[in-house]
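Report on one structure; see the data block that follows.
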(Lines give C-alpha, C1' and ligand atoms only; values in the text may rest on other atoms or scores of the structure.)
Protein backbone atom coordinates (compact mmCIF):
# COMPACT_ATOMS: atom_id res chain seq x y z
CA UNK A 1 0.00 0.00 0.00
CA UNK A 2 1.49 3.33 -1.09
CA UNK A 3 0.30 6.87 -0.41
CA UNK A 4 2.15 9.91 -1.72
CA UNK A 5 1.07 13.53 -1.23
CA UNK A 6 2.75 16.90 -1.53
CA UNK A 7 2.06 19.23 1.39
CA UNK A 8 3.03 22.90 1.22
CA UNK A 9 3.38 24.42 4.69
CA UNK A 10 2.37 27.94 5.61
CA UNK A 11 5.32 30.37 5.35
CA UNK A 12 7.31 30.82 8.53
CA UNK A 13 10.06 33.20 9.66
CA UNK A 14 13.66 32.14 9.97
CA UNK A 15 14.03 29.69 12.83
CA UNK A 16 12.97 26.24 13.99
CA UNK A 17 9.28 25.38 13.99
CA UNK A 18 7.22 22.48 15.30
CA UNK A 19 5.03 21.26 12.42
CA UNK A 20 3.89 17.78 13.50
CA UNK A 21 0.22 18.71 13.70
CA UNK A 22 0.12 20.74 10.50
CA UNK A 23 1.63 17.79 8.60
CA UNK A 24 -0.42 15.02 10.14
CA UNK A 25 -3.68 16.90 9.56
CA UNK A 26 -3.02 16.39 5.83
CA UNK A 27 -2.41 12.65 6.23
CA UNK A 28 -5.58 11.16 7.77
CA UNK A 29 -4.94 7.85 5.95
CA UNK A 30 -2.05 7.19 8.33
CA UNK A 31 -4.49 5.42 10.61
CA UNK A 32 -5.06 2.72 7.96
CA UNK A 33 -1.44 1.48 8.11
CA UNK A 34 -0.86 -1.32 10.61
CA UNK A 35 2.89 -1.35 9.97
CA UNK A 36 5.02 0.71 7.61
CA UNK A 37 7.30 3.67 7.05
CA UNK A 38 6.66 7.36 6.39
CA UNK A 39 9.19 9.45 4.48
CA UNK A 40 9.00 13.25 4.59
CA UNK A 41 11.10 14.94 1.93
CA UNK A 42 11.57 18.71 1.70
CA UNK A 43 12.07 19.92 -1.88
CA UNK A 44 14.36 22.84 -1.00
CA UNK A 45 18.08 23.45 -0.44
CA UNK A 46 17.85 26.23 2.15
CA UNK A 47 15.48 24.59 4.66
CA UNK A 48 15.53 21.21 6.39
CA UNK A 49 13.57 18.74 8.49
CA UNK A 50 14.63 17.29 11.83
CA UNK A 51 13.16 15.50 14.83
CA UNK A 52 13.57 17.03 18.25
CA UNK A 53 11.91 18.18 21.47
CA UNK A 54 8.16 18.79 21.08
CA UNK A 55 7.55 20.66 24.34
CA UNK A 56 9.72 23.55 25.56
CA UNK A 57 10.01 26.21 22.79
CA UNK A 58 13.31 27.51 24.20
CA UNK A 59 15.00 24.45 22.69
CA UNK A 60 14.05 25.72 19.25
CA UNK A 61 15.27 29.23 20.11
CA UNK A 62 18.59 27.84 21.29
CA UNK A 63 18.95 25.89 18.05
CA UNK A 64 18.69 29.15 16.13
CA UNK A 65 21.30 30.66 18.43
CA UNK A 66 23.72 27.78 17.99
CA UNK A 67 23.32 27.36 14.23
CA UNK A 68 23.73 31.09 13.61
CA UNK A 69 27.03 31.01 15.47
CA UNK A 70 28.27 27.73 13.96
CA UNK A 71 27.49 28.81 10.39
CA UNK A 72 28.24 32.54 10.25
CA UNK A 73 26.99 35.00 7.66
CA UNK A 74 29.45 37.05 5.61
CA UNK A 75 32.56 34.91 6.06
CA UNK A 76 35.26 36.53 3.91
CA UNK A 77 35.95 33.27 2.05
CA UNK A 78 32.35 32.75 0.87
CA UNK A 79 31.96 33.07 -2.89
CA UNK A 80 28.21 32.41 -3.20
CA UNK A 81 26.82 35.70 -1.90
CA UNK A 82 24.50 36.95 -4.66
CA UNK A 83 21.23 36.13 -2.96
CA UNK A 84 22.03 37.74 0.39
CA UNK A 85 23.99 37.03 3.55
CA UNK A 86 21.54 34.35 4.69
CA UNK A 87 21.84 32.32 1.48
CA UNK A 88 25.03 30.27 1.75
CA UNK A 89 24.61 29.63 5.50
CA UNK A 90 21.11 28.33 4.69
CA UNK A 91 22.55 25.80 2.24
CA UNK A 92 25.08 24.62 4.83
CA UNK A 93 22.51 24.28 7.62
CA UNK A 94 20.25 22.40 5.22
CA UNK A 95 22.87 19.72 4.59
CA UNK A 96 23.88 19.51 8.25
CA UNK A 97 20.29 18.75 9.24
CA UNK A 98 19.10 16.87 6.16
CA UNK A 99 16.25 17.00 3.68
CA UNK A 100 14.29 13.96 4.74
CA UNK A 101 12.97 12.00 7.71
CA UNK A 102 12.03 8.34 7.88
CA UNK A 103 9.64 7.50 10.68
CA UNK A 104 8.21 4.04 11.36
CA UNK A 105 4.45 3.56 11.43
CA UNK A 106 2.92 1.27 14.06
CA UNK A 107 -0.78 0.59 14.54
CA UNK A 108 -1.92 3.59 12.54
CA UNK A 109 0.39 6.10 14.24
CA UNK A 110 3.94 7.33 13.92
CA UNK A 111 6.20 5.47 16.35
CA UNK A 112 7.65 8.73 17.68
CA UNK A 113 9.07 8.84 21.19
CA UNK A 114 7.26 10.80 23.88
CA UNK A 115 9.33 13.93 23.33
CA UNK A 116 9.83 13.77 19.57
CA UNK A 117 8.21 16.24 17.21
CA UNK A 118 8.77 17.10 13.55
CA UNK A 119 10.56 20.41 13.01
CA UNK A 120 10.73 22.59 9.94
CA UNK A 121 14.14 24.29 9.94
CA UNK A 122 13.73 27.56 8.03
CA UNK A 123 17.13 29.06 7.28
CA UNK A 124 16.20 31.95 4.96
CA UNK A 125 14.93 35.29 6.25
CA UNK A 126 11.99 35.09 3.84
CA UNK A 127 11.77 31.49 2.66
CA UNK A 128 8.09 31.46 1.74
CA UNK A 129 5.99 28.30 1.72
CA UNK A 130 8.04 25.08 1.90
CA UNK A 131 6.76 21.98 0.11
CA UNK A 132 7.18 18.47 1.46
CA UNK A 133 6.51 15.17 -0.29
CA UNK A 134 5.06 12.65 2.17
CA UNK A 135 5.38 9.01 1.08
CA UNK A 136 3.75 6.31 3.19
CA UNK A 137 4.08 2.63 2.54
CA UNK A 138 3.04 -0.37 4.54
CA UNK A 139 0.13 -2.68 5.10
CA UNK B 1 7.28 -8.76 3.90
CA UNK B 2 7.46 -6.50 6.96
CA UNK B 3 9.13 -7.01 10.32
CA UNK B 4 9.02 -4.39 13.07
CA UNK B 5 10.53 -4.76 16.52
CA UNK B 6 11.47 -2.39 19.33
CA UNK B 7 14.90 -3.04 20.80
CA UNK B 8 16.00 -1.31 24.00
CA UNK B 9 19.78 -1.21 24.32
CA UNK B 10 21.69 -1.60 27.56
CA UNK B 11 22.47 1.80 29.16
CA UNK B 12 25.78 3.32 28.15
CA UNK B 13 27.83 6.28 29.38
CA UNK B 14 28.09 9.51 27.41
CA UNK B 15 30.05 8.92 24.23
CA UNK B 16 29.95 7.00 20.97
CA UNK B 17 29.37 3.25 21.08
CA UNK B 18 29.51 0.46 18.51
CA UNK B 19 26.22 -1.46 18.76
CA UNK B 20 26.04 -3.43 15.49
CA UNK B 21 26.21 -6.83 17.20
CA UNK B 22 23.82 -5.99 20.03
CA UNK B 23 21.22 -4.86 17.50
CA UNK B 24 21.62 -7.65 14.97
CA UNK B 25 21.39 -10.32 17.69
CA UNK B 26 17.77 -9.22 18.12
CA UNK B 27 17.00 -9.47 14.41
CA UNK B 28 17.72 -13.07 13.36
CA UNK B 29 15.02 -12.86 10.67
CA UNK B 30 17.31 -10.57 8.66
CA UNK B 31 18.68 -13.66 6.95
CA UNK B 32 15.26 -14.33 5.36
CA UNK B 33 15.32 -11.13 3.28
CA UNK B 34 16.85 -11.53 -0.17
CA UNK B 35 16.55 -7.80 -0.93
CA UNK B 36 15.15 -4.96 1.15
CA UNK B 37 15.75 -2.05 3.50
CA UNK B 38 16.23 -1.82 7.25
CA UNK B 39 15.32 1.36 9.12
CA UNK B 40 16.61 1.94 12.64
CA UNK B 41 14.82 4.73 14.47
CA UNK B 42 15.83 6.00 17.90
CA UNK B 43 12.89 7.27 19.95
CA UNK B 44 14.82 9.97 21.82
CA UNK B 45 15.88 13.59 21.33
CA UNK B 46 19.19 13.53 23.19
CA UNK B 47 20.82 10.51 21.53
CA UNK B 48 21.39 9.60 17.89
CA UNK B 49 22.43 6.88 15.47
CA UNK B 50 25.20 7.09 12.92
CA UNK B 51 27.34 4.83 10.75
CA UNK B 52 31.10 5.02 11.06
CA UNK B 53 34.37 3.14 11.61
CA UNK B 54 33.87 -0.28 13.20
CA UNK B 55 37.49 -1.00 14.13
CA UNK B 56 39.75 1.50 15.92
CA UNK B 57 38.00 2.75 19.10
CA UNK B 58 40.03 5.98 19.09
CA UNK B 59 37.77 7.24 16.28
CA UNK B 60 34.86 7.11 18.69
CA UNK B 61 36.88 8.87 21.40
CA UNK B 62 37.84 11.62 18.95
CA UNK B 63 34.19 12.07 18.01
CA UNK B 64 33.38 12.77 21.65
CA UNK B 65 36.28 15.26 21.72
CA UNK B 66 35.13 17.07 18.60
CA UNK B 67 31.43 17.19 19.41
CA UNK B 68 32.05 18.44 22.95
CA UNK B 69 34.07 21.34 21.51
CA UNK B 70 31.69 22.09 18.63
CA UNK B 71 28.60 22.10 20.85
CA UNK B 72 29.72 23.61 24.15
CA UNK B 73 27.95 23.33 27.47
CA UNK B 74 26.87 26.44 29.36
CA UNK B 75 26.88 28.94 26.50
CA UNK B 76 25.59 32.21 27.97
CA UNK B 77 22.86 32.49 25.32
CA UNK B 78 21.28 29.09 26.07
CA UNK B 79 17.78 29.37 27.54
CA UNK B 80 16.98 25.66 27.93
CA UNK B 81 19.13 24.78 30.95
CA UNK B 82 16.72 23.22 33.45
CA UNK B 83 17.80 19.62 32.99
CA UNK B 84 21.54 20.23 33.32
CA UNK B 85 24.47 21.48 31.29
CA UNK B 86 24.48 18.38 29.06
CA UNK B 87 20.83 18.76 28.05
CA UNK B 88 20.70 21.38 25.30
CA UNK B 89 23.99 20.25 23.72
CA UNK B 90 22.52 16.73 23.61
CA UNK B 91 19.52 17.98 21.62
CA UNK B 92 21.81 19.77 19.16
CA UNK B 93 24.11 16.80 18.67
CA UNK B 94 21.07 14.58 18.18
CA UNK B 95 19.84 16.67 15.24
CA UNK B 96 23.32 17.03 13.74
CA UNK B 97 23.70 13.25 13.63
CA UNK B 98 20.11 12.20 13.07
CA UNK B 99 17.55 9.86 14.60
CA UNK B 100 17.42 7.17 11.96
CA UNK B 101 19.48 5.03 9.62
CA UNK B 102 18.41 3.34 6.41
CA UNK B 103 20.59 0.42 5.42
CA UNK B 104 20.02 -1.76 2.36
CA UNK B 105 19.61 -5.52 2.81
CA UNK B 106 21.24 -7.88 0.30
CA UNK B 107 21.17 -11.66 0.43
CA UNK B 108 20.13 -11.82 4.07
CA UNK B 109 22.73 -9.37 5.34
CA UNK B 110 23.12 -5.62 5.71
CA UNK B 111 25.01 -4.19 2.72
CA UNK B 112 27.43 -2.33 5.00
CA UNK B 113 30.90 -1.45 3.74
CA UNK B 114 33.90 -3.25 5.21
CA UNK B 115 34.56 -0.51 7.77
CA UNK B 116 30.99 0.53 8.58
CA UNK B 117 29.42 -0.16 11.94
CA UNK B 118 26.27 1.12 13.67
CA UNK B 119 26.98 3.61 16.44
CA UNK B 120 24.79 4.70 19.32
CA UNK B 121 25.61 8.35 20.05
CA UNK B 122 24.82 8.92 23.73
CA UNK B 123 24.85 12.63 24.49
CA UNK B 124 23.52 12.69 28.06
CA UNK B 125 25.69 11.95 31.09
CA UNK B 126 23.10 9.46 32.31
CA UNK B 127 20.82 8.66 29.37
CA UNK B 128 19.64 5.27 30.54
CA UNK B 129 18.43 2.60 28.13
CA UNK B 130 17.75 3.86 24.61
CA UNK B 131 14.97 2.27 22.57
CA UNK B 132 15.17 1.75 18.81
CA UNK B 133 12.40 0.68 16.45
CA UNK B 134 13.80 -1.62 13.75
CA UNK B 135 11.65 -1.89 10.63
CA UNK B 136 12.64 -4.35 7.92
CA UNK B 137 10.88 -4.69 4.62
CA UNK B 138 11.73 -6.64 1.53
CA UNK B 139 11.28 -10.00 -0.06
CA UNK C 1 8.83 -4.14 -7.13
CA UNK C 2 12.45 -3.98 -5.94
CA UNK C 3 15.60 -3.00 -7.81
CA UNK C 4 19.01 -3.00 -6.15
CA UNK C 5 22.29 -2.15 -7.86
CA UNK C 6 25.76 -1.19 -6.70
CA UNK C 7 27.24 1.76 -8.58
CA UNK C 8 30.91 2.67 -8.18
CA UNK C 9 31.55 6.31 -9.10
CA UNK C 10 34.64 7.57 -10.86
CA UNK C 11 37.31 8.76 -8.38
CA UNK C 12 37.11 12.44 -7.49
CA UNK C 13 39.39 14.84 -5.61
CA UNK C 14 38.58 16.08 -2.11
CA UNK C 15 35.55 18.34 -2.22
CA UNK C 16 31.85 18.34 -3.00
CA UNK C 17 30.71 17.00 -6.38
CA UNK C 18 27.41 16.95 -8.23
CA UNK C 19 26.75 13.34 -9.28
CA UNK C 20 23.04 13.27 -10.13
CA UNK C 21 23.58 12.48 -13.81
CA UNK C 22 26.31 9.90 -13.27
CA UNK C 23 24.06 8.01 -10.84
CA UNK C 24 20.82 8.21 -12.80
CA UNK C 25 22.51 7.04 -15.99
CA UNK C 26 22.97 3.69 -14.22
CA UNK C 27 19.33 3.47 -13.18
CA UNK C 28 17.26 3.59 -16.38
CA UNK C 29 14.56 1.42 -14.75
CA UNK C 30 13.58 4.42 -12.60
CA UNK C 31 11.10 5.38 -15.31
CA UNK C 32 9.09 2.19 -14.64
CA UNK C 33 8.16 3.22 -11.09
CA UNK C 34 4.91 5.15 -10.82
CA UNK C 35 5.33 5.75 -7.08
CA UNK C 36 8.09 4.67 -4.73
CA UNK C 37 11.28 5.47 -2.86
CA UNK C 38 14.93 5.40 -3.84
CA UNK C 39 17.64 4.88 -1.22
CA UNK C 40 21.25 5.71 -2.01
CA UNK C 41 23.72 4.26 0.48
CA UNK C 42 27.46 4.97 0.41
CA UNK C 43 29.55 2.07 1.72
CA UNK C 44 32.34 4.21 3.18
CA UNK C 45 33.11 6.04 6.43
CA UNK C 46 35.13 8.95 5.02
CA UNK C 47 32.75 10.15 2.32
CA UNK C 48 29.07 11.08 2.38
CA UNK C 49 25.99 11.90 0.31
CA UNK C 50 23.88 15.03 0.56
CA UNK C 51 21.29 16.97 -1.41
CA UNK C 52 21.96 20.59 -2.27
CA UNK C 53 22.14 23.26 -4.95
CA UNK C 54 22.52 21.84 -8.45
CA UNK C 55 23.48 25.04 -10.27
CA UNK C 56 26.15 27.47 -9.03
CA UNK C 57 29.42 25.53 -8.37
CA UNK C 58 30.61 28.17 -5.88
CA UNK C 59 28.18 26.68 -3.35
CA UNK C 60 30.16 23.45 -3.45
CA UNK C 61 33.44 25.36 -3.09
CA UNK C 62 32.08 27.23 -0.08
CA UNK C 63 31.03 23.94 1.50
CA UNK C 64 34.63 22.75 1.29
CA UNK C 65 35.73 26.04 2.86
CA UNK C 66 33.26 25.78 5.73
CA UNK C 67 33.76 22.10 6.51
CA UNK C 68 37.54 22.42 6.50
CA UNK C 69 37.27 25.19 9.09
CA UNK C 70 34.59 23.49 11.19
CA UNK C 71 36.43 20.17 11.33
CA UNK C 72 40.13 21.05 11.50
CA UNK C 73 43.02 18.76 10.69
CA UNK C 74 45.72 18.06 13.29
CA UNK C 75 43.80 19.03 16.42
CA UNK C 76 46.12 18.24 19.33
CA UNK C 77 43.49 16.08 21.03
CA UNK C 78 42.97 13.72 18.05
CA UNK C 79 44.15 10.17 18.74
CA UNK C 80 43.28 8.55 15.38
CA UNK C 81 46.02 10.00 13.18
CA UNK C 82 47.70 6.97 11.60
CA UNK C 83 46.20 7.34 8.14
CA UNK C 84 47.02 11.02 7.69
CA UNK C 85 45.75 14.42 8.73
CA UNK C 86 42.67 14.15 6.50
CA UNK C 87 41.51 10.85 8.04
CA UNK C 88 39.75 11.69 11.30
CA UNK C 89 38.17 14.89 9.90
CA UNK C 90 36.82 12.76 7.04
CA UNK C 91 35.10 10.43 9.51
CA UNK C 92 33.54 13.39 11.33
CA UNK C 93 32.31 15.08 8.15
CA UNK C 94 30.90 11.76 6.99
CA UNK C 95 28.68 11.46 10.07
CA UNK C 96 27.66 15.13 10.00
CA UNK C 97 26.39 14.74 6.44
CA UNK C 98 25.24 11.14 6.50
CA UNK C 99 25.72 7.94 4.52
CA UNK C 100 22.35 7.68 2.83
CA UNK C 101 19.63 9.59 1.02
CA UNK C 102 15.97 8.71 0.65
CA UNK C 103 14.28 10.36 -2.29
CA UNK C 104 10.64 9.83 -3.30
CA UNK C 105 9.84 8.59 -6.81
CA UNK C 106 6.86 10.07 -8.65
CA UNK C 107 5.78 9.20 -12.19
CA UNK C 108 9.08 7.61 -13.15
CA UNK C 109 11.28 10.42 -11.85
CA UNK C 110 12.85 11.52 -8.59
CA UNK C 111 10.64 14.11 -6.87
CA UNK C 112 13.58 16.47 -6.38
CA UNK C 113 12.96 20.20 -6.07
CA UNK C 114 14.04 22.50 -8.89
CA UNK C 115 17.37 23.29 -7.26
CA UNK C 116 18.17 19.94 -5.65
CA UNK C 117 21.01 17.75 -6.89
CA UNK C 118 22.79 14.72 -5.43
CA UNK C 119 26.25 15.47 -4.11
CA UNK C 120 29.13 13.14 -3.40
CA UNK C 121 31.05 14.57 -0.43
CA UNK C 122 34.64 13.34 -0.78
CA UNK C 123 36.55 14.03 2.42
CA UNK C 124 39.84 12.20 1.76
CA UNK C 125 42.63 13.69 -0.32
CA UNK C 126 42.77 10.47 -2.38
CA UNK C 127 39.57 8.58 -1.69
CA UNK C 128 39.48 6.54 -4.88
CA UNK C 129 36.25 5.20 -6.35
CA UNK C 130 33.27 5.35 -3.98
CA UNK C 131 30.60 2.65 -4.19
CA UNK C 132 26.92 3.32 -3.63
CA UNK C 133 24.09 0.79 -3.25
CA UNK C 134 20.94 2.08 -4.95
CA UNK C 135 17.73 0.44 -3.75
CA UNK C 136 14.46 1.31 -5.50
CA UNK C 137 11.10 0.06 -4.43
CA UNK C 138 7.63 0.95 -5.53
CA UNK C 139 5.02 0.08 -8.09
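In this document, chain identifiers A, B and C correspond to the written order of the chains, with residue numbering beginning at 1 in each.
By definition in this document, contacts are C-beta pairs under 8 Å (C-beta built on N, C-alpha and C of every residue); 3 or more make two chains touch, one makes a residue touch a chain.
Everything quoted here is computed from the prediction, not taken from an experiment.
Student: Touching chain A and chain B alike: which chains?
Tutor: Neighbours common to chain A and chain B are C.
Student: Look at both sides of the chain B and chain C contact and report whether the same residue positions are involved, with over half shared, or different ones.
Tutor: Under half of the interface numbering overlaps between copies: different.
Student: Just the number, please: Cα centre separation of chain B and chain C in whole Å.
Tutor: It comes to 20 Å between the two C-alpha centres.
Student: Provide the list of chain A residues touching at least two other chains, using ranges where the numbers run on.
Tutor: Those would be 70, 96, 98, 102, 137.
Student: Touching residues of chain C toward chain B in the complex: what are they?
Tutor: Chain C residues touching chain B: 2, 4, 6, 39, 41-45, 70-71, 75, 77-80, 88, 91-92, 94-96, 98-100, 102, 131, 133, 135, 137.
Student: Chain B touches which residues of chain A in the complex?
Tutor: Residue positions touching the partner: 35-37, 50-53, 56, 58-59, 61-63, 65-66, 70, 96-98, 101-104, 106, 111-116, 119, 137-139.
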